[in-house]
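Quick heads-up: structures coming right below.
Below, subunit A partners subunit B and then partners subunit C, in two separate complexes.
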Partner chain A sequence: MSNWLAETLAVFAKDWKSEARNLYALNTLALFAITTLVLVSVGLGPMGVDAAGAQVLPFLLWIVLLFATSAGLPRAFVQEEETHTATALRLAARPSAVFWGKLAFSLSLTWGLEILVAPLFLAMVQLDVAAPGQFIAALAAGGFGLAAASTVIAAIIAQARGRSTLFAVLSFPILIPLLLLVVELTRDAVGGFDSGAVLRQLLLYDGTVAVAGAMLFPAIWNP
Partner chain B sequence: MPSPRPATPAPEVARDPAAPGTGPDAGARTQADRRPGADLRFHQVRRRFGRLTVLRGVSGQVEAGRVMVVTGANGSGKSTLLRCLAGLLLPDAGEIAYREADAAASGTDDLTDSPLLDAGERRRRIGYVAPDLALYEELTTEENLAFFSRLRGVPRERGPALLQRLDLPLDRPAGALSSGMRQKLRWAWALLHRPRLLLLDEPFQNLDARGEGVVREMLAAHLAGEPGGAGPGLAVLAQPVDVEFDPRWEVADHVQLAG
Partner chain C sequence: MTTSPVNTPAIEPAAKPAGWKTFLAWLLWGWLGLVIGAAFLWVPAQAAGFQNPVAYRILFFHVPTAWVSFLAFLAAGVWSVLYLARGRARRHDVAAAVAVELGLAYCVLATLTGSVWSRIEWGAFWNWDPRQTSIVIALVFYAAYLVLRGAIEDDHARGRLAAAYAVLGLAVAPFLYFVLPRMMPYSLHPEPVVNAEASIDMENRMLMVLLAGAVGFTALFFWMHNLALRSRLLAERLEEEAQL
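Here is the complex of A and B:
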């Protein structure tokens, strides 16, 4: 195994080991996801897949996922700075291994959250999905986009004062294109419409954010 | 003990011709220029935080097998200097030149053809002990060192060996250690990858007499060159007051920072 891969896997495994003991991100994600899911479901009731439901429900699903990940994912870097462990990590690991290790951790959390939330959401609002494969692709690619964007934003804000303000300011321009694409893809999946072009755009967004993040990260992470 | 060399504010001066790679005969060294191991030189290092000037042109040098002592009152910039040397902070002005021989590649512990290491390389190679350095509180001491062993490509057995030598429990979470035990864990972390250069910021803080004795022995062994290591090491030791010198240390330089 290459040194870089070993370092990346070490960062990923360490984050999961720490998370398994303090449960901070898991608790935050679960709290936000379940709360918003219940609120949405109770507020709307079962809408079925009529025209109105097919338009609105994909938005609500991604709002649930966005709120949950926004609350939990930025901790990946903020916690390293707040607990002063960032110095040890900075001195021992190459920046790219830290970035990809943290991204892998955020991605595993996001996909885990989607596996939990998406079926619950579909069941609670009694929404049928006409193209399940496309729906899963939307969740996978959208989840990757959320994890990649959150990792980049978290790295930028971790060393700054006024983190919450900065998080909101940075998140808006980075996440809006993602959400527009992923909602459209999810809506098409529910309605059974082909949307290969949207999926390609979404994958392009994912790749761009991940590559740009990897290129920017050494400058953000080191002085 | 050498006399202290005050780091008083000084105007910009010409580059030290003796600084590595800067002399007129750089690249044309002879056998007489051969220097073993590693050396660290810094020249006119300056650092400000906003309007507050912390380092006003600090210079010093230390070679393999020797210690540089940095003293000064609280707030005089000792930690800032060490963070600059570690590559954790960029100085606003001045030069930091660190080289170490790559005995594995060249077959000799000779600095002659060793390149200067940039801040990124310095960060990865040094050992660093400082009060603001923390390890993962949820992980045990052994798990912490196992994680950093993987990052540094060090055999996993090195961590438990260091912990045992420092009389630290292997299975206790780092968050449940006393302040003295945390300091020992910082030492174990710093020595894990057998670095040539040790940057030590108040390294004996919170240690009891026995613990201090052990780390002083480890520092002496580091300077002499431990079996299995790359060769004689060097250290920069920062303390608020004059440290009790150990007869085993050969002090290369004493930089005294004005408060």
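Here is the complex of A and C:
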């Protein structure tokens, strides 16, 4: 196993270990996601929405996911600054290993949240998905883009003041293209329409953000 | 900034601007004066394809401001890349920040003039057409960039973090070009002046005034940018010297 991969995996394992030591953050995050979900579902009423209204449901699903992840993902870097461990991490691992390790942590957290939230959402709002494969692809690719963009923004805001509010402000313009693409893809999956072109564009967005993030990260991370 | 006043040349007291610079500034004012005059007096009074034959003249102001707000975004991205790639020169960082500040002003003007015109032409101030959507996203991006700069105290940290954010924004912006027209196929904006078939679909005099306006506004942007950049750098130097 190469040094780089070992360092990346060590960063990933460290993050999960420190979260597992204190389940408070993970529990809060899961509860936050479920609360948002319940709120949306209650807001729609006991009858749910009619066929025309179903158009808005994929959008609501992604709003719930966006809120839940934006509550949890900034932790990846904010935690390092708050506990004053960022300098030790800078010494222990090269920047690219920190970036990909943190990205892997954010990605596992996002996918975990999606596994928790998406089935509950489908059940609560009584939404049938015509193309489940495409729906899962939308969740996976959308989750990756969300995690990648959030990792870069989290690294930026961790070094600024007013971190919690700043994250939402900075991530919004970067995440809009992702949100529009992934909602389109989810809507097509629910309706059973083929949308290979949208999936390719979403994957291209994911690749762009990940590559741009990896290239920019040394400048963001090293003081 | 740790440069001592010994290494930096002293600020010239009230140096007279070079003759050619004064000439260029007057040329710019003359050019813009001609564009404004032509927009009122020279273009045809009745333009085909517009509901209101008088109000369409806002076109000669609206389109160049929208063009400059796009250009400022691009320029800020280029200066940010230069800042990160070329030895972190303070000048490049301030240049990017000034471009964003000016871009925000042009963006607001383009949005306001567009809304007013939209109300007159189409009956509503706003209807989320692709270009309206993208200009709102540009506005939010510019504002977020400035908020980020405000939240970091150290000059070097502010430079590298803001530059990284600007480059990230530049990297994801092209995706809007794919996704927005598909979501909103019913744009009320006309085709670009030079459209996909490379045919120009506009009355000759209108086109000339529009292009002259775009050239004039572009020059105005760079002139304002240059002034703001120089005064910002000088103000920083004065502050440093006062501290020493």
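Criterion: the second predicted complex is superposed on the first by the 210 of 223 C-alpha atoms of A that agree within 3 Å, B and C clash if a C-alpha of one lies under 4 Å from a C-alpha of the other, contacts with A are read in each partner's own complex, and residues count from 1 in each chain.
The rule is short, and it goes like this: a contact is a pair of C-beta atoms (placed from the backbone, for glycine too) under 8 Å apart; a residue touches a chain by one contact, two chains touch by 3 or more.
This one's a predicted model, so the numbers in the text were calculated from it and none came from an experiment.
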Checklist entry - Which term applies to subunit B and subunit C once both are placed on subunit A by superposition, clash or fit? => result fit
Checklist entry - After superposition on the shared chain, which partner residues are touched by A:A30: those of subunit B (first), subunit C (second), both, or neither? => result neither
Checklist entry - So, does A:E184 touch the first partner subunit B, the second partner subunit C, both, or neither? => result second
Next on the checklist: Tell me the contact category for A:L203 with respect to subunit B and subunit C: first, second, both or neither.
Outcome noted: neither
Next on the checklist: Quick check on the superposed pair: does A:I176 touch subunit B, subunit C, both, or neither? Answer first, second, both or neither.
Outcome noted: second
Item to check | Which superposed partner A:L166 touches (first subunit B, second subunit C, both, neither) | outcome: second
Next on the checklist: Which partner chains sit in contact with A:V152 here, subunit B, subunit C, both or neither? Use first/second/both/neither.
Outcome noted: second
Checklist entry - A:P223 contacts which: subunit B (first), subunit C (second), both, neither? => result both
Checklist outcome for this item: Larger residue footprint on subunit A, choosing between subunit B and subunit C, goes to C
Next on the checklist: Taking the superposition on A as described, I'd like to know which of subunit B and subunit C A:A212 touches: first, second, both or neither.
Outcome noted: second
Item to check | Shortest span in Å between Cα atoms of subunit B and of subunit C, once chain A is used as the common reference | outcome: 5
Checklist entry - Following superposition on chain A, which residues of subunit A contact subunit B and also contact subunit C? => result 223
Checklist entry - Okay, in this complex, where on subunit A does subunit B touch? => result 3, 6-7, 9-11, 13-14, 17-18, 21-22, 83-85, 87-88, 90-94, 97, 222-223
Next on the checklist: Looking at the complex, which residues from subunit B come into contact with subunit A?
Outcome noted: 86-90, 119-120, 123-124, 126, 128, 130, 132-139, 143, 147-148, 150-153, 189
Item to check | Residues of subunit C that touch subunit A when the two form their complex | outcome: 84, 137, 140-141, 143-144, 147-148, 151-153, 156-157, 160-161, 163-165, 167-169, 171-173, 175-176, 178-180, 182-183
Item to check | Of subunit A, residues touching subunit C in the complex | outcome: 149, 152-153, 156-157, 159-162, 166, 169-170, 172-174, 176-178, 180-181, 184, 201, 204-205, 208-209, 212-213, 216, 219-220, 223
